[in-house]
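Dropping a structure here in structure tokens format, bear with me for questions.
Think of it as A, B, C and D in the order they're written, each chain with its own count starting at 1.
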Amino acid sequence: MLEQLKKEVYEANMLLPKHGLVTFTWGNVSGIDRETGLFVIKPSGVEYDKLTPGDMVVMDLEGNKLEGNYNPSSDTPTHLELYKAFSDIGGIVHTHSEWATSWAQAGRGIPCYGTTHADYMYGEIPCVRNLTKAEIDEAYEKNTGVLIVDYFKDKDYISMPAVLCKNHGPFTWGTDAHNAVHNAVVLEEVAKMAARCEWINPQVQPAPQELQDKHYYRKHGANAYYGQ
Amino acid sequence: MLEQLKKEVYEANMLLPKHGLVTFTWGNVSGIDRETGLFVIKPSGVEYDKLTPGDMVVMDLEGNKLEGNYNPSSDTPTHLELYKAFSDIGGIVHTHSEWATSWAQAGRGIPCYGTTHADYMYGEIPCVRNLTKAEIDEAYEKNTGVLIVDYFKDKDYISMPAVLCKNHGPFTWGTDAHNAVHNAVVLEEVAKMAARCEWINPQVQPAPQELQDKHYYRKHGANAYYGQ
Amino acid sequence: MLEQLKKEVYEANMLLPKHGLVTFTWGNVSGIDRETGLFVIKPSGVEYDKLTPGDMVVMDLEGNKLEGNYNPSSDTPTHLELYKAFSDIGGIVHTHSEWATSWAQAGRGIPCYGTTHADYMYGEIPCVRNLTKAEIDEAYEKNTGVLIVDYFKDKDYISMPAVLCKNHGPFTWGTDAHNAVHNAVVLEEVAKMAARCEWINPQVQPAPQELQDKHYYRKHGANAYYGQ
Amino acid sequence: MLEQLKKEVYEANMLLPKHGLVTFTWGNVSGIDRETGLFVIKPSGVEYDKLTPGDMVVMDLEGNKLEGNYNPSSDTPTHLELYKAFSDIGGIVHTHSEWATSWAQAGRGIPCYGTTHADYMYGEIPCVRNLTKAEIDEAYEKNTGVLIVDYFKDKDYISMPAVLCKNHGPFTWGTDAHNAVHNAVVLEEVAKMAARCEWINPQVQPAPQELQDKHYYRKHGANAYYGQ
């Protein structure tokens, strides 16, 4: 079932090592078919260089595995919460990519210091709090998703397709699995340059709002005209 | 038209990923034919690994597209202003290369800390101010060029073939498209080493003027004799 | 003798350059056959691109060379002490990998700042003291092992399969040679992200204990269920 | 003439890009034949990927070019001074490698923070002062060599085969051209880890003298026994 989606999700997963975003199996990509409400996700613990499209696991939004020889990624409950709440997204990525994870470990959101950031993400990339012990004990992976959804309940998850989980790492999402990987790459570049820019100038301030607006809205929304 | 120039500009564009200066499509190279007053530039939003010489777009200095299946890079109005004002240059590069962009985001020019810098660029690499909201709203890409040209109106754009745009990224130029890419690579190396050198010694001062002069003028001008 | 183990140890050694953990010959991997009490280790001073499985040296736990055309790694006495004291390990790695060595040179243990660390190593990765002049003069390489063993005498070497030797570099171990290399890669990633996270937030604190517990124990012990 | 030496020096030059020590043509290697007193050096300004053994230039110690289609590297007078004064060396390397150059630009010698450094270089890697304007004007490249030789006049250039020239970059030397490149690689690794180790622990002190002694003398001199 969902052979085309499995292929797409497989290819999106393989972009993670290509872009240097994963070591070993530290990442996973999923994609959803909104018509059937089923999503496809990387299996748990399979090495990237042994992965095949047929290894992808098919899940429903109640968390039932419908097809697959392996267990789904242990982060599956997080993906599921995001798919349920963010109805306009088609793909999700989780990695431990080195720069985004360094910010997550530092417990800081990433200020918008420049146009590379503003071209894709509007405003500061948030870092959500740690789960409490009770939340961890009850359902760690699910509650990670619940916390992210709660953070975005009064915010726009389309113009900010990324979040850092404190002491853990990033999640990104997008219109489909490939677009979510694209945003994971952008996040990593932005995280790297934001850190270095603070080290070059500890008094640095975010980019002027009108510059952020110009770059975001020349690529997104009704008046977009951008491409380099 | 301009088949040879299109080939050169195509090849110069392909050097950007080779030298690690671009992620996705975040960069563009152009080259000008001074006899006809026409310039050739990368199309907008085309992936580097799908680019062909025939995709290059031919423009005149009034901003009219004369040939090309795609739109020209959205930074074309910036290139155009530089070509009009800097009559001795033959090529221009814009990237979001990681170290130069970190300095641009930090809002600082890059002091000349050593001979690697002085071999190619004379003095501090400038960082020009943000555009005002009015300048952005009126014509963002054009006014980026106008601002750079205004900065250089009483300075030598030949001995300083690079500029940082605050909260954005670098532009470099040169005698032709390849030379402009060469300067983009130099800028990135210099930006990286300048940052690290400040972190190793926060009290570091620019290189002595006589050393800067020696290195710049042994490679440039009437008395040049250099090559390693 | 031990042809299968020699092949495994050879392959594990070759993973060091693949993962960017060694320059020149600055590293070595060994593996032990607990039935015979013999271990196999990289020869001394042989370049990685000239290494063959047949070059591996077979040693007993009294330090006698039983087979091999070359001398064993000069770090062999350190490996031997670890094998004698840590009865549940099957492989050992020593490298001068750049980030772990930078922490070792800095004389600091690596705090657990995130889940990447907690997934594999429980708590702060220790940095053991310098050997005294007397300990160096008596038997430097052996006493390096004695010092590590002494540090772990009241600690769990299974849940902390890594140590930094002050002003020197890391040792890691594992269930076999490959697993020890896996831990060396994890250590390097963790060391890199811990340094950057401190630079991004100098007031950063270790990850909450309940988060460390969750990540370590979802992958290790009776209740493990993890895989990404 | 000196075909074997030209081949060796060519191959040693080609190791610079392989080890990531050069951008463009920013480096050069030479080797000397002590019997004839002639040395062979990279030509000036030739790209590495176009270099051939036959392009190497043969020089005598009076600075006369005896063979070669190109000019010798413009750093030739520096090499020449080192060969004249350091009678036991057989090869010299100059690069603008990024970490060593960052220390040179910072104007600081590199303290010995660990055994990676002590395995090859005994004590702090020195950073020599800027040349005066008079020294630059008189004979810049020659006086760079004179300054280095003067610094080492009461020191051992064998146990310290490297120097940083302030605001410029490193020179290393060795028993032959390949060994000099080996030392250039070591210097770069050591420079990188020394910087990071200071950032991880700003109060870091050099490695204990007895540890430096142990590592240097287990690899060098009459009692050497080392190999990993």
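What we mean here is this: contacts are C-beta pairs under 8 Å (C-beta built on N, C-alpha and C of every residue); 3 or more make two chains touch, one makes a residue touch a chain.
Keep in mind that this is a model prediction, so the values were computed, not measured.
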Chain copies touching (chain C, chain D) - same or different residues, decided at half shared: different
What rotation angle takes the CA atoms of chain A onto those of chain B? Round to the nearest 5 degrees. 90
How many angstrom lie between the CA centroids of chain C and chain D, rounded to a whole number? 33
What is the distance in Å between the mean C-alpha positions of chain A and chain D? 46
Multi-chain contact residues (two or more partners), chain C: 198-199
Connecting every touching chain pair, does the picture come out as line, ring, star, complete or other? ring
In the complex of these two chains, what residues of chain A are touching chain C? 23-28, 42-46, 71, 73-75, 94, 96, 98-99, 101-108, 130-131, 133, 136-137, 140, 167-169, 195, 198-199
Residue numbers on chain A that touch chain B, as the complex places them: 113-116, 182, 185-186, 189, 192-194, 196-201, 204, 207-208, 210-211, 214, 218, 225-228
